[in-house]
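Chain IDs A, B, C and D follow the sequence of writing; residue 1 opens each chain.
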Amino acid sequence: MTDAPESASPDELMTVNAARALAGARTCFVGIGLPSAAANLARRTIRPDLVLIYESGAVGAKPARLPLSIGDGELAETADAVVSVPEMFNYWLQAGRIDVGFLGAAQIDRYANINTTTVGRGPDRPASRLPGAGGAPEIAAGCGEVLIVLRHSTRNFVDRLHFVTSVGHGTGRGDRERLGLRGRGPVAVITDLGVLRPDPETAEFVLTELHPGVTAEQARAATGWPLRTAAHVGTTAPPTAAELTALRALTNA
Amino acid sequence: MTDAPESASPDELMTVNAARALAGARTCFVGIGLPSAAANLARRTIRPDLVLIYESGAVGAKPARLPLSIGDGELAETADAVVSVPEMFNYWLQAGRIDVGFLGAAQIDRYANINTTTVGRGPDRPASRLPGAGGAPEIAAGCGEVLIVLRHSTRNFVDRLHFVTSVGHGTGRGDRERLGLRGRGPVAVITDLGVLRPDPETAEFVLTELHPGVTAEQARAATGWPLRTAAHVGTTAPPTAAELTALRALTNA
Amino acid sequence: MIRRGAKARAGDVADIRPLPEAVADLVRDGDTVAMEGFTHLIPFAAAHEVIRQGVTDLTLARMTPDVIYDQLIGAGLVKKLIFSWGGNPGVGSLHRFRDAVENGWPRPLELDEHSHAGMANRYVAGASGLPFAVLRGYRGTDLACGSGTISTVTCPFTGEELAAVAALNPDVTVIHAQQADRDGNVLMWGLTGVQKEAVLAAGRVLVTVEEIVDELVPRPGGVVLPGWAVTAVAEVPGGAHPSYAAGYSVRDNDYYQAWDPISRDRERFTAWLRRNVLDREGAATR
Amino acid sequence: MIRRGAKARAGDVADIRPLPEAVADLVRDGDTVAMEGFTHLIPFAAAHEVIRQGVTDLTLARMTPDVIYDQLIGAGLVKKLIFSWGGNPGVGSLHRFRDAVENGWPRPLELDEHSHAGMANRYVAGASGLPFAVLRGYRGTDLACGSGTISTVTCPFTGEELAAVAALNPDVTVIHAQQADRDGNVLMWGLTGVQKEAVLAAGRVLVTVEEIVDELVPRPGGVVLPGWAVTAVAEVPGGAHPSYAAGYSVRDNDYYQAWDPISRDRERFTAWLRRNVLDREGAATR
């Protein structure tokens, strides 16, 4: 197997690394968009047995192409089981049965709290309305652990959220336990520049890996809080040809 | 259509009249045993469209023969819908969607409260253990109205229940409202001697009809409390040949 | 006039009737209306009939308000939205929804906002005849702040504090399904979302179906709603378009993509609405 | 040794193994065990294996303890019963159950007694990861008196008082189903009662099946339990007898009738148990 062609885009680096983060997962609750692309890529590469769970009711979906929405017919047709939406949230998610919740976000802060509700645009303009919570608050609360994938920019990585839609690590280590949230919370934020992981002591997300060719300075410049770096910042392995081929087949299908 | 043969047994009179009590019902939550026989007879005679609902999960069961248990396979096979047991109790029964709950009983008192849990046998013997509540407490609480069918004897019709498993009219008119029970409660007790109905003022069950050939004295002697009689005590119409034929086909099938 | 709610009485079966008549009868000014469907089986034709009839001052409930609610909101018929995720799936924002929230056009839109888990459990409580439901939810989020339909309860056994959400009982629920028989029994399959709960929570129920059939044939994943739990059925082939009905149609993804530029502009939207909904009746009448 | 509960982790799939080995591994002295099935799909073979292995001091949970629990109780393995209706369906009393309650033979039997609605909701709470469930129930009855698992909660929106029941989370749930595939995915159909909830509420799950098949074919009314939510599967054809498995067998009503006189008499029961369960292994091993 050869290394990837040089043309791997930042988005592709993000998705490939997001897929790799599922190497240890048996079951994944999949948000639509980037998380769904990453989880489907994982099924085609590193984790063929990964059980994909979509909030629309599909348990063990095996779509041949990337679904446009979480309610695509193929999800139901290829699922091991189709359940009602209340059953999905109560019996499967809330009970703590799912290993990994995979979320996107409009904004996150340094503790990987998520805002998908509303964003301020300055004093003269009304706040910008986003889609809202969807399944994210309880995915973030109840899955064994949480992965977040989003593009890196100061618009997305902000010092202070306008609205907390879903709790990551709250105001720091120990906050999840105080709130009675049962899962371990976010363990990685995978971006088009690199990977952030929580500091073991404080739960503040720090830069732990950069994609090939990206500098820590670039990551800091794209982050709305003073981004700290881990003692050793690694470099993510370049996408393999197999990964890129699978990803492109998936997104172009 | 001719009148019934003279051989109609007291049990047959009971079941035929219990079936007739369903003339105005669209949906019936059916207990096993005598209620099931009556409800299935109603479907074959007076109320062909009656929707039979069994707590095992069958909505709209149309069994060809009398089921021995509430979980007979034919109930599921002939049902309009099969639902889980929690759904049955929460969405269908508790929500107040069912017209008539049809119950049997081990013991009732004058307000048609029901005991199916435990019965005293005197100071020297342990109380006799009965099967318990089953679905009855919530059937009695939540159906639009309740019919009760059981054989008439001083063992069954008692002055005071050893244990209140399911509430009829509690300690009298107004008690159901005080308890927050939403259905109207028991409207008739059909026995092998006749029919008792609640006094409009007090909700105490009084004798309103006797089967042909039965005397009020016989009914009083078979009742463990001083049974009152309505101002006018009617006589139930004798079973028609069609009713008896249908009943016998059902029970001998 | 049909007047029937969850507590159906003897003799009631679902009436099979033309969509305009059913909408006129069941959906009324000021109602709380749920049109459910999780991407699949969204009752677009019924919503368009509501727009044509100008039923207004509606409180709309729906887990995933998408293009169908964007159209109702843009038409000025909606005063309040009860929801958990409002977007154009796979495309982006709902611009009519945003314009109403951000700028009050064509009228202000009040929001009662939840998570999916909260909304699903609100319908469950409604379908169960309970005033509220319990869930592990909302802890630490800003969603609970100021909402009159999110609170807490304490477990009487463990002392643990949990979230409580108020039951949601729409005046009328509208869904689309694949089939009904002549008694109004309804059969749907595929992703059936929260539709059973939304139906059983409602006072009145309107179901549009792809097809009226002589007999409903049991099938894998099939969900049956008995006719006595449904108020009216209307046969509307393609009534879910641009959403889809598994076994009958596929999702018209191009429509959802095309909606984005149409809905970004008030004038373009208004012209679209007139041409494609207000001045058009054929699709919905049979 | 398999040690797996509801929180399955990567790499886990249900093991397919012989029944004696699965019972030895999953069902332990002192456990709370649910063997569910509403007349249909009752896991008799697994219960007989529990009796043969003498697993004891059990707390048994079940909505409808029938002949299967009468046998376990009579065998002296049960210290407590959590239930809502204990009878021989269509026949009459459970005499071993009565003898234990009324006379303490062969040992006293503690009871935690509910209505069906209460039991069903206890499993629902257990399956949902909640400590309790809310229902309209028990009001005015003597069932609530003295039970540690029935209480009340007040609706934070309406002030109404409702019943609360404690979650039921068995250490192990045992069910019988029609089929499993080689990955341990389970398919059952027909009346499936409260089995999904009992499975998802449990720490360990043992499923006996009529047949291991190469592929599970979706079918009307089919309920699938993914292999990763099941601890072990054992192939036991006829494992529900004298109960039945729709599509494979019919209910042996004669057996239920015959049980009445056998179970009325302690000596006759003891002889029956020795001959038909303790000294017999063939049916359960493959």
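FYI, a residue touches a chain if its C-beta (ideal position, glycine included) is under 8 Å from a C-beta of that chain, and two chains touch if they have at least 3 such contacts.
Predicted model, so just to flag it, every value in this text is computed and none were measured.
K.L.:
Steps needed, at minimum, to get from chain C to chain D via touching chains?
P.N.:
Minimum number of steps from chain C to chain D: 1.
K.L.:
Considering only chains that satisfy the touch condition with chain B, which of them also satisfy it with chain D?
P.N.:
Touching chain B as well as chain D, we find C.
K.L.:
Between A-C and A-D, which chain pair is linked by the larger number of C-beta contacts?
P.N.:
Counting C-beta pairs in contact for A-C and A-D gives the edge to A-C.
K.L.:
How many angstrom between the C-alpha centroids of chain C and chain A?
P.N.:
About 29 Å separates the centre of chain A from that of chain C.
K.L.:
Could you put a whole-Å number on the gap between the CA centroids of chain B and chain C?
P.N.:
40
K.L.:
Need the CA-centroid distance for the pair chain A / chain B, whole Å please.
P.N.:
Using C-alpha averages as centres, the distance is 58 Å.
K.L.:
What are the residue numbers in chain A that touch two or more other chains?
P.N.:
Chain A, residues with two or more chain partners: 90, 94, 142, 182.
K.L.:
Pull out every residue in chain C that's touching 2 or more other chains.
P.N.:
Residues 124, 129-130, 135-136, 160, 196-197, 221 of chain C touch two or more partner chains.
K.L.:
So, with touch as defined above, which chain pairs make the list?
P.N.:
Those chain pairs which touch are A-C, A-D, B-C, B-D, C-D.
K.L.:
Which part of chain C faces chain D closely enough to touch in the complex?
P.N.:
129-136, 149, 151-158, 160, 162, 164, 166, 218-222
K.L.:
Can you list the residues on chain D that touch chain B in the complex?
P.N.:
Listed in rising order, the residues of chain D that touch chain B are 38-40, 63-64, 83-87, 89-90, 93-94, 97-98, 101-103, 113-117, 120-121, 123-124, 135-143, 160-161, 190-194, 196-197, 221, 244, 246, 250-251, 253, 256.
K.L.:
Give the list of chain B residues in touch with chain C in this complex.
P.N.:
24-27, 51, 59-60, 80-81, 90-91, 94-97, 99, 142, 144, 182
K.L.:
Under the definition above, what is the set of chain A residues touching chain C in their complex?
P.N.:
Listed in rising order, the residues of chain A that touch chain C are 32-33, 55-58, 68-73, 75-77, 82, 84-86, 88-90, 93-94, 117, 126-138, 141-142, 163-167, 170, 175, 179-182.
K.L.:
Where on chain C is chain B touching in the complex?
P.N.:
6-12, 124, 127-130, 185, 196-197, 200, 223-226, 228-229
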